[in-house]
Structures are given as structure tokens and as C-alpha cells.
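Pasting the structures here.
In the two complexes that follow, chain A is the common piece, with chain B as its partner first and chain C second.
Moving on to the complex of A and B:
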């Protein structure tokens, strides 16, 4: 007898074609060829436009180069040294951190609260409609809806200040103010994306067996107790998933910052770099100032940051998340 | 009873709060001239459609609209084809690298898009894809979620269908196109809808990869217009309404399907 069949061998065509009649062997090879043929179109797109550039980034970050010149020179960590001497780079990291640290918990908690409120929405008439309306902003194009939010944040005629006036609160300059421009973008982002995460929470809540909750009610558990001791542990995997997703997405926010802070307030990222986040700075460095070497170094920093964040959250999840 | 009223009331209030800014686009676009500056704000749309009609007929907005339609339509067609093919290969065919490709697709989902734009731009430059329609379509011709969706559906097809097709001498492509895809109609619908939304809402990619007004999609045109003439609120919101309307129409008729697709089908038992 030969060696015992290793599990890795099962998929290889050779082990499958041995001892088969020739027509069957041909049809086995045909299946392999057809398989490669069928994945080829999408594989090509992924390799050329995603994996290729990802590898290419590792290369260009360590070179001094220009897109229009053919030669490039190896400069080691020079691009990164130049980067850390740019104050605006540190400013952009701080802005991104501020943005992420506020948007992630607010969005997650709001989405969870909305999901709990909208739960069983489809059991009553029109309940599905409120679920759809909460989700609606997420499918709208960012520029088209940013236009109306620029008006809402207008210091003189906007809805935001009208509401503040109604509540007898001091009015704000919103997008025109150094302190309130980034929070204004945060408000837009929460409005635009909370619906998506609400739906993800609803999906998580739908997997909890009704009997579990009914049993808790029979036992006379108070609603906070039910939530803290029963619902919260059961949905912790989905909470974790949502937190990871919101963090990754908020670290890469671009369109609404570009649109909301552009226009008459003088270039995107303003006023006074108060809304210049990492992705906006990469865009401006590369495509406005055509400083590609510096932009690729920044891209690599962002790439590593997102990777570390994802892995760090994975590490925390392994310790604190309850998986069924 | 009071509790129920409170729950329904808050539910309705929250839902309306989320939809309010979108409603406001309509209010300003069809309001009287200068309605944006009215204090207190005007709450009802007056349906003065003339600025909207002017925008559609006398300006370049119809061109931008057609650009968006063309780019989205081509992307949808290509995504459905590539997703169905790869999804079928992953679900039904045994070939070395099958599971490797599965993980490679997961990997694409994990790549941070913002960090890739600079090398992607270089790639597009060398492939001569800057400033043309192909450059706005081809990079989005394959969809990770589309492939997974078709794979999931094709896995549920009975093996006997394929065996019969093989005995009858039906080729793989013919089988996919005539049998498998029609049986996976929900996957087709979901892929079409989600691709339409992401493709129609595309902004940053055209911003970077094009600079000719002739091919720019409506979102990009809106952003240029917004920076140039922000005070012209009625025309601006009318153009925004043109960009919004297709999304709103599609969403109005398919919201149940879209919400369910985003939830991964988890809500379907309750609907």
C-alpha cells in the first residue's frame, strides 16, 4: 500500500485522475481548465486593479519617482523622514483620530439603539417603512446629499441654526468654524451611515431565538437586565463586526469631507486644515500637488494603520467577544 | 397602551428625521426663488418645476446624467457576468486553487481603498485608462460580494441538474446561462441593485481618474458646480435631485429586497 492520502492531495487533479479511464481523466482535466477560465475575468480585475497596486505601493513608497518620468531612484526611508517633518501630516493623523474616536462609538450606539427600537418592525403595519427610511441615507449619493447639508449648516439660513435658535441655544458657525467643521462632517457621516449598521444589528437580533427572550420575561427579568445579561452577550459578535466596519470606513472617509468643506470656505480640508484627514491629505498631496513619493509613503502608513487596527480589534475580540 | 404609542411615535419621528434632509432637496429645488433664505424655513415643496426643467434641457446636466447611466449600466452587465462565472466555478467545479481564490476575494474586501489610490492611478496611467469610460467601468467589473452571492446560490442547485446537462452534452457556459443563472434570479436581482447603487454613487474614482467634462458622471459634475456657484441653490438642488431621483425611485420599489440583501438574508423569515 502507498502512503495514506494526505488531506491536501484531495483537491489536486493528479490524485483524482489516477486509476480513472481515459475519458474520465479528460473530463477531469476539462473541469480544471473550465474552472480557471471562469475565474479568469474577475481574477484579472482583482490582480490588475487591487493586488497589483497593493504590491506596487510597497515598492513606490521607498523610491523617489514621478509618474511622468521613466526612472526612479531608491531612497530607502527618505520619503518617510520627509513625511514626519511635515506638520500637516501630524495634523491629519490627529484629525483622523479625533474623527474616528467620536464617530465609531456614536454610530455604533445609535445603530444599536435604532435596531432595538425598530426590532419586530415588520410585525406591524408600516414598520418596514421606518426601517427603510433609516436605511435610505446610506444609499444616497454623497455629493447630492452633501449639497443639502451645506445648506443645513449655513450659519445664517440653515436648518441647524434654526433648530438651535428654537431651543434658545447659542448658534454656531458650523462648517465655517475651525472647531465645528469636523463635528459637522461627523454629523453628516452618522446620518449617512447609521442606517447600514442598524440593518446589520437587526440581522444579528433576528438570529436570537424568541424563546430566550420570552423565558427571560417569564422569569421577570427587568428590561435593562435582559439587555445587559442576555441580549448584549448574544449580539456581541455582531457588535464587534460593526465596530470593526465603522472604524475601517471612518478612517477612510473622503467624499463628504471633500464636498462639505470645499466650495466657498476655501479648498477642501479647511478651515485652517481643521478637516484635513489622512485620506484627504493623500488625495491633495498626490493629485493636487503631484508629490507622488510623499503620497505613497502616506498611503503605506495608512495601510499599516488600518491593518494594525483590524488585528488589534481581532485580538480584543478573541478575549471579550462571546461566540456561540 | 401608552408604551406602544410611545414606541410607534418615536419610531415614526426617527424615521422622518433621517429622511428629512432628502425631502428638503425637493423643497428647495421646487420652491420659489429665494426660498432657501426664508426665515422661518418653508416646509412644503411648491412644485415649481421650471428650474428643474431648465437644468434638464438647457444645460449639460443631461449629458452628465447619460454618462452616469451608461457607466452604471455597463458596470452592472459586466459584474453580473463575471460574478456568475466565478461564482459557478467556486461552487461547482473542483480545481486546484479553488479555495485559494475564495480567500483571495476575501482579501480584496480587506484592502483599504484610500491607501491604494496612488498606485492605482499609476496603473491606470500605464494602461491608458485615464480620462475614458473604460477607466470608470473596467476596475469595477468584478464584485467580491457578487461572486460570493452567486456562489451561495449555485451551491444550492441540485447536483442532478448538472449531471443531466453533462449527459445531454450541454456545455458549461450554456448550462450557466440557460439553467443556473435563471434559477439564481434573487442573486441576479441583488447584484444588479447593489452594483447600481455603488456605481451610481461613485465619486472619488472619477474625481481622480478623469478631468474631461465630457465623460464625467453626475456626482462629479455636481461637486464641480457646487464649488463654482454655490449661491445658485435652486439650480444646484435641481441637479442634486436629478442625481438622487434614480436612486430614490429604485429604492422605493425594492427597499425590502435591498435591506434584506444588506442584512445577509437574516430578516427574510420575518417578512
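Moving on to the complex of A and C:
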């Protein structure tokens, strides 16, 4: 009697094949079947809409594949070689790098600063509302608010130039300028996404025990010293998380670039390819020029770039992030 | 070193008045324990003294100088928090040195001071460890060291032992007290544990609902509790408190538990004869350890009670007897107890070990005895007669 009971308590797959009474074996199998039955619906969604297309992408990146043609030819690395010879591909990588290198630190630091301010604001009246207001842009649809920002960036009547005029600063052509179009998109992106990361930072700050900060106060540490020596190290896991998240999101930015730089009127990515980032180029190559294989090859390159960046961040994180 | 004066302190959080017009003086070098149940405002009081909170009204004086506007650092206090509040990402050395570094102390000076403190508290082998590698007791010592390293004038401790297991708590109690003997820093220690208060304090402040219920030496608090609250709170098991009705019988008072026949009551020779002050219902108080199973060898008055034993617990050196005296539950602590003893038992209490408290306000009637017993008895009797008329 003791034997089956003991093996029943062992939590390993082997216990399934051990000699159990048939009723016990059946009840274990039933448990397993019910478990798989429960995850099956969501597993299907993942297979059909994530892993399936991803594997298919891997396949067509090495073929000459056309959506209208029934047959495809294996071309090896030909698509990648073609990419390297396209100036616009290099331009898109540069644009993406420029975009990521500016948006990631600005968004992260702004979100951190807002979180520190909001943490203080909760002590006064209306503090909760200010938190909601900061988060609000993130819940608005990108396409809708991008159109509003097209008006804000209007060189003649836009709010942006009105503000510059008010400050007696030179006015800009914004989205119409080769130099300012991408920074305009950056401004929009920071506006739209900073709220989300602010909330993440607030959550991170909330995990720091109040007594630790009070101990620093009793120790006579001033604000900057407390931030530098206590807050900054203790929220480093959140900071790392935010940086990874912002990096991935910015490398994949599409909607606001498409909408802000002429989506409805065609010709997104301009002027003169100055806002053509890799994800926009992938979209245009696939759906405008119907060169799906080339677009797939680009996607693969972008995937590898994001992977390398994230692994690099992980490597840095292991050295500088403090996990409690 | 510092003396501390609190005058008419009021602290409110929203509509809640946490500290109600509290005044307190603490002498230089004293070890004062503030004790009370949770929610009585004792931690808030400590935070007000530390400067982590500002009083809404009243004044705080450090060595006679106003201090309400000073930061905790400027007040030069060292504080030990309930859950230690060590900086989790810093080593023990860096934890100790944090306050010194925050004020640009030279590295030689920092090292010297940290070394002094780590020798005092035997932290040397731990200096390179992170807080999560330490045991509760070790964390506690690091927290103490961090508070000590700046040589504070005032040492504040907020339930420092409450997260430790019972054995370690006993050990740390002794260590804290001997540390106080060594460094002599004025210490205010907050706890809800009456044992800590009794064993460590020079003076105990019993706090209830934001107001001081009684201040005194441990002996004083234990032998002369000012209210039923103090009587219940200090001492374990708590003092037996029985609602009784007093009756005059000649020169003495006779007290009978509520709803019992007058014949069943007991004499209470210690209760002062001061008619008008005596309410119609009293609390009769007896410490469990004042009740004896054998008649005490004394010339003083001894009261006998006929009790019914319910059950008996062995507490190591003592027995805790749960009993009934008439309808009233009664706790007794006895050194010896024979399990063959019958259910019915006669026990003895020295009359001078009885306490009496006002039936409504809970204030001790015994302290009146000390101050008013000198007054002429005839006068008291007249007042009493007048009040009864």
C-alpha cells in the first residue's frame, strides 16, 4: 500500500510509467490531458499567428517567392547580397540607429524624471490625476494622435512653430525638412510612450522600502546623494527592463512614421528617405514593391540586430544591475 | 549626549489625532522605553523626535534649544528601524559608512570610525557581506552600528527586536542594555512588548491612544499601576481585574463581585476611607503572582479566597492556574502545584497586594491613598455620608 502512495508523490514524468493502480494511472493521464486541453486554444493562436509566420519568413528569405506565383525558387543568400547593394537599406539602418540612439535615453530619462516628480506629487492634492494625465497619451491610438501632431508640426499654422515664435527662436519646417523630419517623429514617440515607462518606474520606486529612504534621511544624505547611492541602484532592474523595452519598441516603430510622414497621401519615409527606418522599408518592400523575399531578408537582419542589442544589454545588466 | 523636552505635542494625520497634547522630559543618559499597544502612536512619537515628522502643535527641545525645524541629521539622532532598513545593495562596511560619506568624511576618518563601531559590535567578520547574507541578529547589529557610527546625541529604536526569534530577542535585550551602559547615549526605545519595557528601561512611558497613561520606573509601574489599562498591559499574565461593589463595614471596606450576595465578598482593609471619591462600582485588582496557595507568614492582613480550579499550565519554573472565584475568572502563578489537589481550593492574598480602580474611569484609587490618607478620617466620613444622602 505504501509503494504507490510514495511514487505518486514524486513529481517527475517517470512517475507516469511507474506501476500504479490503473485507476491512479488514468487519473494522472486525465490531469495531463486536461492541462494540455486548457492551453491548446492559446497555443493555436501562437502557432498560427506568431511562430508559423516567423518560420515561413525564415523560409522565403532564402527563396525567390512571389505572393501571386505558385512556385518559388531557392536562391540561397541572394536576397541578402541584394540588400547590401541597396543604398536605401543602409540609409534605413542609419536612420533606425539615429532614432534608437536618441529616443532610448531621452524616453528613459524623461520617464524616470517624471516618475520621481509624480512620486512627490502623490502627497499633494490632485497627485493621482497628474499620474493619469501622464499615462493618458499612451492609451490614445497612434494613428489618430499622429494626425493631430501633423497639424502641430505644420510649418505655417502649427502649434510647434507658434511656441518657437513665442520664445523668439527660429522656426522650423519640421516634417517637411530633411533634417527635422525624423526628430519630429522622435518628439511624437517620446510624447506617446513616456507615460507607460513612467508608470513602470513608479512601480519600481514603490518597491523601495520607505524606511530605507528614511534611514538615508537620518544619515543626513541629501537628495542627489540619496538618488545616486540608493534610488538609482535599487531601481536598476526596472531601468534595465525599461531600456530593453524602449529599444525593442523603437527599433520596430512603424505606425507614427507611416502616418506622420505622409501615410494617407503616400510617400511615407520622406522627405528624401530621411524618415525611412528599417521597419518602414520592410513594409514598403513587401506591400508596395511586392518583393516579399527581400522584405523577409530585411526582417531577419532586424531580428538579429535586436537580438544582438538585447544580449548586449543583458551582458551589461548582469554587471551593473542589482537584484534584491 | 542630550536631554529632550517635549511640550504639548499634537500630531494629526487627516482627521485622526495620533498624538494628543503630549509632554515628556527625558534626562541626559536615560534609557526610556515607550510602550503601548499597536496604534497608540508610539512610532509616530519616535518619528516626531527623530524629525521624520513635524508636529502640528507643540515644541521639541534638544538640550533646551528648539528643534522642530531641524532635520534628523541636524538633530544628530541615530535611529534603528523595525525591519532594520539596511541599504540592501551595499556591504556592511558601506552601510556603516553611508552617513559619513554623505558628509564627505575623509576616508581615513571613515575607516577609523567604522572600525571602532565594528569592534564594539563584533561586526568585523561581516564587513564585506551584503545584508541578504546576514541573519536577523546580525542585521540588527549592523543597524545598531549604522546608528552609532556618527556618535549621535540621541538613540532612537523602533521595535528593534520584534523581527527576531524569542531566544535571540532575550539575548539582544541584554546586549542592548549593556551597550547602553557602555556608550551612555540617551535612548528612546519603542516597543509593544511589556517584557522589553520592564527589563530594559530606566523609565517606562505607557502610551494609550496618543496620550501618556503613566510614566515611572519599572518597579513603580508594576507595583502602582495608575489605571486598569496599565495594570492589564504590564505584567504577564495580566493582573486579575474583577468588578466589585464596595460596602462600608465599620472601619473597613467590604467588596463583593457584581451580582453576588454580600456575604460572599472579602474585606479590603487597604482601600482608603474617602467617601465621596469612592464610586459605586470598582475594579478589584490582584496580580496572579500575588495569590498564594499557602498562607503567607506575615503579620499583615491576609485575604482568603475560595476558588475553583479549571486547568493548570506548566510554564517551566511556574504553574499558571486558571481558576474561578465565584463567577470571575482568576489567573494564579504558583511555584508548586500538586495535581492531586482538589478542584476546590483556598488561596491567600496579602491585603496590601490588592489594587482598586475606579469602575468607570479605570483610574487607580490607591494613589489617592498615598496622598490623602493623611487627611482626617472623620472629615472623609462626613463627605461620604453627605454624598450618600
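Here, the second predicted complex is superposed on the first by the 296 of 324 C-alpha atoms of A that agree within 3 Å, B and C clash if a C-alpha of one lies under 4 Å from a C-alpha of the other, contacts with A are read in each partner's own complex, and residues count from 1 in each chain.
Note that a residue touches a chain if its C-beta (ideal position, glycine included) is under 8 Å from a C-beta of that chain, and two chains touch if they have at least 3 such contacts.
No experiment lies behind these values; they were computed from the predicted model shown.
Enquirer: Superposed on chain A, are chain B and chain C clashing or fitting side by side?
Expert: Once both complexes are aligned on chain A, chain B and chain C fit side by side.
Enquirer: Going by the contact rule set out at the top, does A:199 touch chain B (first), chain C (second), both, or neither?
Expert: It touches chain B, and chain C stays clear.
Enquirer: Tell me the contact category for A:54 with respect to chain B and chain C: first, second, both or neither.
Expert: After superposition on chain A, A:54 lies in contact with chain B alone.
Enquirer: Roughly how many degrees, to the nearest 10, is the angle at chain A when you join its Cα centre to the Cα centres of chain B and chain C?
Expert: 80
Enquirer: In the overlay, answer first, second, both or neither for which of chain B and chain C A:66 touches.
Expert: neither
Enquirer: Specify the partner with more touching residues on chain A, choosing between chain B and chain C.
Expert: If we count touched residues of chain A for both partners, the winner is B.
Enquirer: Quick one: classify A:218 as touching chain B (first), chain C (second), both or neither.
Expert: In the superposed model, A:218 contacts chain C only, not chain B.
Enquirer: Quick check for you: in the superposed arrangement, does A:34 touch first (chain B), second (chain C), both or neither?
Expert: First partner only.
Enquirer: Which value in Å is the smallest Cα separation between chain B and chain C when the structures are fitted on chain A?
Expert: Between chain B and chain C, the shortest C-alpha distance works out to 13 Å.
Enquirer: Okay, in this complex, where on chain A does chain B touch?
Expert: 11-13, 16, 31-32, 34-36, 38-39, 41-43, 45-46, 48-54, 56-57, 60, 67, 114, 117-118, 120-124, 127-137, 139-152, 156-157, 159, 162, 191, 194-196, 199-200, 202-204, 206-207, 248, 251-252, 254-255, 258-259, 262-264, 278-279, 282-283, 286-287, 292, 295-296, 299-300, 302-303, 306, 310
Enquirer: Write out the stretch or stretches of chain A touching chain C in their complex.
Expert: For chain A paired with chain C, touching residues are 209, 211-212, 214-222, 225, 229-230, 233-234, 322, 324.
Enquirer: In the complex of these two chains, what residues of chain C are touching chain A?
Expert: Those in contact with chain A are residues 50, 52, 71-73, 77-79, 81-83, 85-90, 98-99, 102-103, 132, 146-147, 150.
Enquirer: For chain B, which residues are in contact with chain A within the complex?
Expert: Where chain B meets chain A, its residues are 7-8, 10-12, 14-16, 18-19, 21-22, 24-25, 28, 36-41, 81-83, 85-86, 88-90, 93-99, 101, 104-105, 107-108, 110-123, 125, 127, 138-139, 141-142, 147, 172, 197, 200-201, 203-204, 207-208, 219-220, 222-223, 226-227, 230, 233, 236-237, 240-241, 243-244, 247-248, 251, 255-256, 258-259, 262-264, 266-267, 269-271.
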